[in-house]
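Some structures to go through are shown next.
You will see chain A twice below: alongside chain B first, and alongside chain C after that.
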Partner chain A sequence: MATNRSGTAQRPNGAPQTKVCQFKLVLLGESAVGKSSLVLRFVKGQFHEYQESTIGAAFLTQTVCLDDTTVKFEIWDTAGQERYHSLAPMYYRGAQAAIVVYDITNQDTFGRAKNWVKELQRQASPSIVIALAGNKSDLAAKRMVEFEEAQAYADENGLLFMETSAKTAMNVNDIFLAIANKLPKSESAGGAAAGGRRLADGDAPRSSSCCK
Partner chain B sequence: MGVDEDGYIFAACTFFAKNHPGEMCGSNGLPLTPSSVTILGQAQRLLHLEHPNLCTYLDVIRCKHERIIVVSEVIGKSLNDFKSKFSFDQIMNIGLQVANGLNFLHKQDIMHRTLSDDNILIDNYGYVKLFNYGMHYMTKGGNEIPFPLGLPRYLSPEIILGGGGPSADVWSFGIILLELCIGKLWQNLRPGPILRRILTLVHAGNTAERIAREHDHYDAYKQVPETLRNIIEKCLKIYPSGRATFSELVHDLSALDSKQMVEVKRPQGLLGCKLQVLYHLWQLAGGDIQSELKKNCLIKNSPPILSMPIAILLDGSTIGGKTGALFDRRIAMYSLKLLKQRLSHISPHDFYPLMHERKKEYDAVTLPKIIRERDTEYQFYRLLWFNRLLHGYPHTASYIRAEAEIDIPPLVRGDVWAALLGISGDIEDQYERIDKETPTPTDRQIDVDIPRCHQYCWLLSGERGHRMLKRLLKAWLLTNPQYVYWQGLDSLTAPFLYLNFCNEARAFACMQAFVPKFLHKFFLKDNSSVIKEYLAKFWQMTAFHEPELATHLHEIHFVPELFAIPWFLTMFSHVFPLHKIVHLWDALLVEGPSLPLFMGVGILRQLRDTLLSSGFNECILLFSDLPEIDIGECVKESIIMCRSSPRSISYRRFTKETISKDPMDLIEVPMDVLFSEICPRISLSDFFSLMCQEKCCVIDIRSNLLFDKSCIDGSINVPYSGVHLAQRELRALGLRPQRAIADAVRLNKNVVIASAEHETAQLFSDYLVKCCVPRVCILHGGIQALHANVPSLFTVPPPRNNGNK
Partner chain C sequence: MDDDLPTDFQVIVVGTGMVESIVAAACSRIRKNVLHMDSSDHYGGLWASYNFDGLQKFIKEVNSDPKKQVQVYNLSEKWYIEKESPELENKDEENKTDDSKSEQVKKVWSQASFATEYRKFNIDMTPKLLFSRGPLVELLISSNIARYAEFRCVTRVLTWLDDRLMPVPCSRADVFATEAVSIVEKRMLMKMLTSIVGYNEEEMNNEFKDWESKTFKEYLEHKGLTPNLIHYVLYAIAGGTNAMPCLEGVKECKKFLMSLGRYGNTPFLWPMYGSGELPQCFCRLCAVFGGVYCLNRPIDKVATKTIDEGKNMITIDSKSKTLNCEHLVIGINECPKELLSTESVESCDISKAVFITNGSIMKSDKEPLTLLRFPPLAEGDNTVTVLEVGPATGSCPKGLFVVYFITNKVKDAETDLKPYAERIFDMSGGDQTEATEKPKCLWSLFCNLKDTSAPVASVAAGVHVCSGPDAGLDFDRAVLQVHSTPPQRLLYVQSDSSGYSVTLCSAT
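Let's turn to the complex of A and B:
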């Protein structure tokens, strides 16, 4: 499954026109777990050892092609420091998907991830698709969070779960694809409850609406 | 010191730092800091040492393939190059000068470890200086280099056995003195045997005598005056603890030294400048350290294929393929010919500018700052002048500010910034007292942020840089308990550390002075109203200077909360690289705390065309990955905007500045009102002075009934009730108002809206912004307030001739 750098949908000649769906996705998680690195890997295929910390939030887009649909992700990469917490609702409000990231070498970040999941379950759109990413899987030698523990937690809460590495690219595209697959894409399912997006008043990050 | 006119004045030598095998990672998962970066960080301190018996270090350069080049002052020739013998008086004098230099180093906790006859230099007048005495210090005791330190015959027994502290230098010093008396030791022996010889000395009763005997120079040794022999023997004790210290040696040798040193007058003109200045100017004039090294074959350019390893082991280490020597004892020398030619036409008079002399005007002033910074002659004049002013600080503070407004020479930027921030007093002592070590809960965040903070900069990416940044942050947090660590504080501290790498206390003092001035209350635990106010003001300034852009951004619901928080929270230090930040901050420190708002507008202005043709997504993408911004242009524009804006329109409540209680100056409104306003308000006193200077066009939007009774002299009446807000065309206002506004725009006047109710003023001013009218603001308090305070501005308009509304 290929992702497409240019950000436009690939439409092979002669093939029937594919549907283009736009989804808002937000990344949440403790500082330095690798949120920005995951996005950079997914969007530009790069990894920077010295990735700058994120203040406020950053916005990027990337398109993936499924069999019959093109999914365009509008990705909000948020700041991880607890102090910036009050800004987070501005970004996850109206999001159809979220990736909650922790660092497998640091138990505290897993705890923080659970809190994010709880907050999303309470405050975000009820139909939001949540994925849990255990990042830095290349540092398995320093692992502090067991795969099984996280898997069990994800199962209990109905989350997608993968261990990823922004450094080696392992599972990075896969987790975004898994989300794309799980997101409802039919127009009939529309409305705020499904893939479509409804813009609440005062919902700052906004753009055009979903399926066209 | 005597500098012979065409002689060499600095020299460079080169060596390789250790290569970490393969892709090794540290415990935090990040790659290990390259050795060359560590060396660069360590060496910074050496650049600041000054002592008459030490050659001043001028530069440490990191090149490809972990190569390091060290640039240093050089004089005369080395002891090794002297073929004739010295008299005992001369030896004692040389010894005293060497001991003085070493004594100074030891007091700074710096061990030489590589003292030898080829790094003790003597000039024609007999002045002695140690050369490249910092190898041990900069390589962290040799840890960061792949070759052993020091010449074998000067190594003390304990060093050979793998230990040793500063007293090893005393041993080497003893060997130097002994060689001066009886000739070179262990010549024609290879390193291995030399080291073995030295170790056999362990059993000798009197080491010096034993060495002399070994060399068949016992008689010669016995002819050395006893006083000198005593000194040599005090140095060559087998047990390090038994050896004399340099302060004792200096004491002993001073008593023996009888030589009258020739007074050498400080050279006049160019050579009288500080070496650092000369080196800097020499580089600007085209001097190139690397090319000279290549010419002298100290750097060889061999094709990469020849330097490829023969084999790479699984652990990443390599076999074979090394090129050239890891450490070359040779040095390349440089003269100032180039610089002298470049500055030859400067009259001697110009070297000594007088404080109160009329300022010279240089042609270069009209060029962009980055070009001025590379202009040899311009920098020469600027540096002379700034050094003069800095010398007189704090009395010269106002002169420094005035000069800094023109530009700041990079070489003295750290000093000038400190002066602009008003740093004085015993900052070392204050900094010393702060606890920078005790762990706190914030440490984790600081620890993960520092390795992501301006790491393209070698200084900040090294271990030393990391450690100092952490200390600075901890010290700042402890000193400001009302504040907390917000991500971004690291970036904010970085420029101060970068410019004060060897003066941590001053970096701290600058930070401590900077925050209250520019970021008052930004780092409170709850800073949301402070930031919201700042962003609202920024948005108003955008509407004031860029109405068309502001309208577009308002319409696509593009709000500053989404992109501008890092801009202002870090004063752009999280957004731009250091070489751009320094130019932004040069201006900031001179112009004051309103400037950043206009810098924000300046950035938008540069992206104007793209933004105007983009929707929400494209706009936000643009800011997530900011395109190249011309900082020189941005600074220039923002200063123009800042100076041409009435002060009160950028008023913020959260500043350190004292707020005037005079109703004429009052301008505060509740926060929710502020957030709803697109146009800024102007205070009565600013309005009054604009009126006096005829710099504003007043639009009175009351009914014509009220207007006809009494109005501001020169104002135009556009009754609000007749305006179609949806129309967005000035024409719709009628001919006279349209002309008046067009004239105001053309003449860069401010358009002030005066009304009886604030709501209508707000709606009307928004309307003008949508019509792309720049410089629109609202008279605070409206007609009533003005009438109550400055009735003299009012008049009764002449009766209208009907039909021309």
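Let's turn to the complex of A and C:
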């Protein structure tokens, strides 16, 4: 998988033949596990040691190029609504993919991640692709959650699993790529709006990695 | 976890209903420091939508502790189907042996099968449509909140005429295509509709200047419209009654006509997963711009004092913590009585019903999304608005429809609405597989809702009360409440005494 990395973080090269599929991807996990940092690393290639709590980012978009398909992720961040257990159900409505993030140096966040997985299995669409990300793998010295434990849990629940580091970029592109590979790319899966219509009228065309 | 909740904010919003959420988003958008709380564990307050399990909990809560939901009364739930499906085993075998035809075999629903599929239901406490060019659509687009939500177009407008359901021609093309209206009538209708579109409130043109004190029906009769056409225009398009004042009817018609052709064949949109999604969309925008969210957080006491320079200081006791703010925006359902001004407001309570049926009220090729407006069927009744939504809207599992009835209360919800429901549903509770003209009603819920839609003043400076849902078809009153100017009373006007100003638009 690592060999594919060169293509993952780049914009589509404009090849006319590729099919473009757009998917809504939501991030879940306890506060301060690095959800926003993962996205920032993936979308902009940046990392800030003291990342402010997420302000002003409705969602970011980034594309991943597979062999015959361009997968465009519309990535939703929680905007901090998870902090006091107040995430709105509309957040994961219609999401085709989710990354549930925990911090490998904090056992509690792994417990919370399991709850989020349960919540998604109960509330989200049955075909949702869920990936579990054990973030902050650069802090392995302070590890509190064993790799094997998380892997076993992920296997049991049919989740993709990787340990990631937004700081060193380890596995960040890879986890998005793995999700892109697992998503069904049928014609009908083409738009995030497969459910209903968006009131696009008057909307400026979306640039590929904007945030408002 | 709640303990690390910060205590000092510029604005605290209590309640996550539609009006409160619009205000929260507006305040956050102009970089006010906002805390948004709700006493219950879900979003929406009186505007919430519930899955079937959540709805059962809500019903139980209202029935066991009426004080907790004082706005809701006369709540009665009824099943028309068995607890368990008796031929469940047979059914399975049938499906196995004859997979291709299983689609055509009507599923036999039981209370147990509702419970299993509870998550596929999204049942609204306050179902409402959006006019395609109404103020809410404009607000959603200009604030960029539109991209959090998805919609379905209402596919048809029906009316009840000569004891049966009739489609109402909506667009110009519809009018010309319909066989229910003669050529001469068509010409009259188009002429009248054109003059209605030309109506302008500010410069009363000649067409309407003598009609101020007359009814809309008189106007339509004066224009020479035949009884059928009057029925379409008055009841189905304007949603009025015989007593509807002329200018009100003209305004309603104009609103309908102006919203045609933007998104679909009718002027209306319905939010995917129900109206209860929309407050959540505004809340998300508030959070995206730094608003702090805390559900399950009841408030115990509110105290206000004026500190120097006329600045307000409001303290709120909540879960052994004291929160401070300059402005408290509070939903009427969350507001302590002593904060409300006692001046009486005009009100008319609402009668509501929700039905779950095994088919549409009127068959159609594609899954329909229907607005039906009943004219009053008996002396003293009000018009009844009916919304039928299907599985494609995320409201219910395949094979079912959710149908909402709303009217202004006369006696009580069941007495007011049952006669109307019986016209379009089979409420006998008989065999579900039997082919009948009308869809079978499988479950029903009637309730009355106190009218809290009138603006209410608070007695304390810096406290702003948001009103609750009205019986109207759309969200306009909720939106205008936030964006109106002082005569229509408070909330977030262009500027108030504190120099506070909000314009929720253009996300730059």
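Here is the rule we use: the second predicted complex is superposed on the first by the 157 of 212 C-alpha atoms of A that agree within 3 Å, B and C clash if a C-alpha of one lies under 4 Å from a C-alpha of the other, contacts with A are read in each partner's own complex, and residues count from 1 in each chain.
Convention: a residue touches a chain if its C-beta (ideal position, glycine included) is under 8 Å from a C-beta of that chain, and two chains touch if they have at least 3 such contacts.
Remember, predicted model here, so these are calculated numbers, not experimental data.
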So in the superposed three-chain picture, is A:79 touching just chain B, just chain C, both, or none of them (first/second/both/neither)? both
Looking at the overlay, does A:32 come into contact with chain B only (first), chain C only (second), both, or neither? first
In the overlaid three-chain picture, which partner chain does A:105 touch, first (chain B) or second (chain C), both, or neither? first
Examine A:50 and indicate which partner it touches, taking first as chain B and second as chain C; both and neither are also allowed. first
Looking at the overlay, does A:139 come into contact with chain B only (first), chain C only (second), both, or neither? first
For A:122, using the defined touch cut-off, is the partner it touches chain B, chain C, both, or neither? Pick first, second, both or neither. second
Touching partner for A:89 - first (chain B), second (chain C), both, neither: second
Once the complexes are superposed, what residues of chain A are shared between the chain B interface and the chain C interface? 53-58, 79, 81, 83-84, 86, 90
Which stretch or stretches of chain A touch chain B in the complex? 31-32, 49-61, 74, 79, 81, 83-84, 86-87, 90, 105, 136, 138-139, 142, 204-208
Along chain C, where are the residues that touch chain A in the complex? 1-2, 5, 43, 119, 137, 140-142, 144, 146-153, 262-263, 269, 272-273, 277, 280-281, 283-285, 287-290, 292-297, 393-394, 507
Counting only contacts in the complex, chain A reaches chain C at residues 53-58, 78-81, 83-86, 88-91, 93-94, 122-123, 193, 195-203, 212
Where on chain B is chain A touching in the complex? 27, 29-31, 445, 448-449, 451-453, 455-456, 461, 484, 486-488, 490, 525, 528, 557, 559, 561-563, 565-566, 569-570, 574, 615-617, 620-621, 623-625
